[in-house]
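In order of appearance the chains are A, B and C, and numbering begins at 1 in each one.
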Amino acid sequence: MKIGAFIPELLRHLLKKPATVDYPFKKLEVPKDFRGSPYLKPELCIVCRACERDCPAEAIEIISINETEKKFKMIIHNDRCVHCAQCVDSCPTEAMQMDTRFEIADYDRHNLKMQWEYVRAVVKPKSEPKG
Amino acid sequence: MNFQIPIGPQHPALKEPIGLRIVVDGEIIRDADIRLGYNHRGIEKLAESKTWIQNIYLMERICGICSHSHTTCYVQGVEKLMEIQPPKRGLYIRTLVAELERIHSHLLWLGVAGHEAGFDSFFMYVWRDREIVMDILETISGNRVHYAINTIGGVRRDLDELQVKHILDSLEILRKRSEYYKNLGTTEPSFVARLAGVGYLSQEDAIALCAVGPTLRASGVPSDVRKDDPYAVYDEVPFEVCTADTCDVLGRTVVRIKEVLQSYNIIEFLLKNLPAGPIAVRAPRRAKPNEVVSRYEAPRGENIHYIKSNGTEKPERVKVRAPTLGNYAATIKMLKNGFIADVPLIFAAIDPCICCAERAVAIVDSRSGEEKIVPQSSLKKITRNTTANQERKREVEWPW
Amino acid sequence: MAMVNTLVYLIIYPGLLFLFVYSTFCEWFDRKLYARLQNRMGPTHTGKWGILQPIADFFKLMSKEDIVPDRADKGMFSALPAFGLAIVSTAMLLLPIWNYKVAKPSVTSFNGDLIVLLYLLTLPTFIFFLAGWSSTNLFSTVGAMRVLTMLFGYEVPLFLAVLSPAILANSWRLAEIAAFYRHHPLLILVNLLGFVIALICVQAKLERTPFDIPHAETEIVGGTFTEYSGKKLALFRLMMDIELVVASGLLATVFLGGFPGGPFLGLLNFVIKTLIVIFFLSLIRAATSRIRVDQVVSLSWRYLAPLAVVQLLIVILVKGLLS
């Protein structure tokens, strides 16, 4: 039982730099594969609707605008999204990607919704889709 | 003079709402009662309307600290139902993340115990070192909590050489600092005076009241699911079950620090013997009708998931028994004849994860204040009688 | 001329204005040191290095809503913070900073003012008890009971430890004790044990870790201050800061040799010596955890009181050797 067992360690830290970062004036870097928000690359999407089926939060909505021209609209509800990246794993053509944004807080939930209008691409999925 | 002090539902000592009512006489506690249900979210019912893959992310959000344990327990059960076996590399990565989660959860607990006891400097130092583990988890899985690294049939992300080296280097720093905290936590006189002799639970009581996890192991019972019923790769990894003999909060602290040091050894073994190969197998969409019970050693104790399937792509019934639920009865026994000043420490010593354990609801009559616990069949009858004439809403309405 | 002197003494320095500025500076010093010992940053951004943070906290609290509970005793509940502030400000006037002559006792420096100062420092403890009692809240009642239980523990060692240097210096007057130790600096080392005991007891009087039991946040929410909010809480916190300055000034006078040199050099002396004492108090605060109330009483009667008596014996021995 040592009295003041902690004191040498405490006094040593008086001379060191603090371990905390002066956020928001200085920011830390996020690693390369950080799961931020999902986004679509429209030129690769074949509208297989696998992402819409697998999303646990019903955050992806694909609506058909024009049947003959094969125009579709995808809305990603980023306010419902839980950032699990299952859509990235389910997509067979790598059209869904994750970016590294995490400071997406807003006062209005409608500002978080993103949408794309595009024509369905004719891209063969890779022979081994990632399950 | 007996009066009743409510600790909770809102209290600075509790991280989550729980109604703890204690009857005190001066500073000594005469009786205690726990009231649950403040954090009930209906997860088991929600799981019946989502597919097998969507449920992984739902199970993860039962808890923030032990998220990987709920996911792994569920995925293990579903893999048994679908009769698929994940490849070795996938199992190794799954175990690696499980041990990293154990380390981060125990370091979190150590800091919280220091804060409840008033030892704020210890709290700051331990959490500063926990940041190293969180950064490792962020590079491996993409997020600091809710790693979501499991998928049915294996894992989603692979490890490369740079990450393995980074983990091994960080382990050296962590090992040195954990040894220092072990010495400090057991020799600082004011801290030990708060922990020693507090919350005594004898070995017979611990077994009789179904305590689990470090609460049980600190009373000298060497019971650990990783040794009794090995899952993932625990039958190949050498490690020891940590116990202590003092049966009080100091024993539980020592058990957790020893487990952290064991986890460092396990991680080193896993990284040095990581086999090459694929990380996942393809899983079918449907599972045959069957039922399975899956057990897992979460940082807080034994986690049990019961899953029943009926041949479709959604489960029929999922039941979660979290470890904290098993420790509540032991807590009431420990609280009697203690001091008020010990209540936060005794309650924190079982490492309460109240959001995991919210599976029972007590019905309180608002006019008379009387409460009762009802079985599911009578609950169904009551709700059917009240809503029999109302229109049923089929689809959920999202606010646009 | 004496009238102007007295007015300056009462209102500006070391009166109310100086106390307000200096006690917030001491609170900043304590918080910044506590943070740096824990490897984090402490107050930043309000003024350079965060010096204005305690003043900002004070004004923020003054602007918040003031709620008096229904069943509380309204008169006592509202008047207690003002009483407490008056008491500790009066205690500050007794410290020998300037405007005293060692040869001629005056109203602020007379024979026996050491005892009056110790008495004035005991009164805030009763103010805390009454504040907790008149709040009629369960948590406040438990906090008030703990305040009084702690009083049984630390009062006796504190009095004994502070009175030993007075016995060696042959006087009950603070100015004379300080002057005695300035003339015989080596005798300061005789009182080292008393200094350590007095540091621990002052930590208990100020209700800081390891003795912050009455307002233990994680056990009884706010303790005695649970029901206080707005202006009353601001005055209570200012009172606790001023108590810190007064207690460290007392220790600096009795153990470290006072503040010589008139108004300006004396101010420098005062600042340096009180900051030394506050450094030690912050170090104790960062290095220990909170102990239970029954452990405080047993600790002080088992260790602190006997050691204080040993210190008294040492002083009597040395006095016998000197004469």
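Annotations for the structure displayed:
Everything below uses one rule, namely that a contact is a pair of C-beta atoms (placed from the backbone, for glycine too) under 8 Å apart; a residue touches a chain by one contact, two chains touch by 3 or more.
Keep in mind that what you see is a predicted model, and the values were worked out from it rather than measured.
For subunit A, the chain whose average C-alpha position is most distant is C. The central chain here, found by comparing per-chain C-alpha centres with the mean of all protein C-alpha atoms, is B. A comparison of the A-C and B-C interfaces places the larger number of contacting C-beta pairs at B-C. The mean-CA centres of subunit A and subunit B are about 27 angstrom from one another, to the nearest whole unit. Between subunit A and subunit C the centroid-to-centroid distance comes to 54 Å (mean Cα coordinates, whole Å). Measuring from the averaged C-alpha position of subunit B to that of subunit C gives a distance of 45 Å. Within subunit C, contacts with two or more other chains are made by residues 37-40, 286-288. Touching of two or more other chains is recorded for residues 6, 10, 19 of subunit A. Residue positions 121-122, 125, 128, 188 of subunit B are each in touch with at least two other chains. On subunit B, the positions that touch subunit A within their shared complex are 50-51, 53-58, 61, 121-122, 125, 128, 131, 138-139, 142-143, 146, 148, 151, 153, 156-157, 180, 183-184, 187-189, 192, 280-283, 398.
Residues 1-3, 5-6, 9-10, 19, 30-31, 33-35, 53-58, 80, 82-86, 89, 98, 131 of subunit A are the ones that touch subunit B when the two sit in their complex. Only residues 37-40, 138-139, 142, 145, 209-210, 212-213, 216-221, 286-295 of subunit C touch subunit B when the two sit together in their complex. By the touch criterion given at the top, residues 35-41, 44, 283, 286-288 of subunit C touch subunit A in their complex.
Those residues of subunit B that touch subunit C in the shared complex are 3, 5, 11-13, 26-27, 114-122, 124-125, 128, 188, 190-191, 193-194, 339-344.
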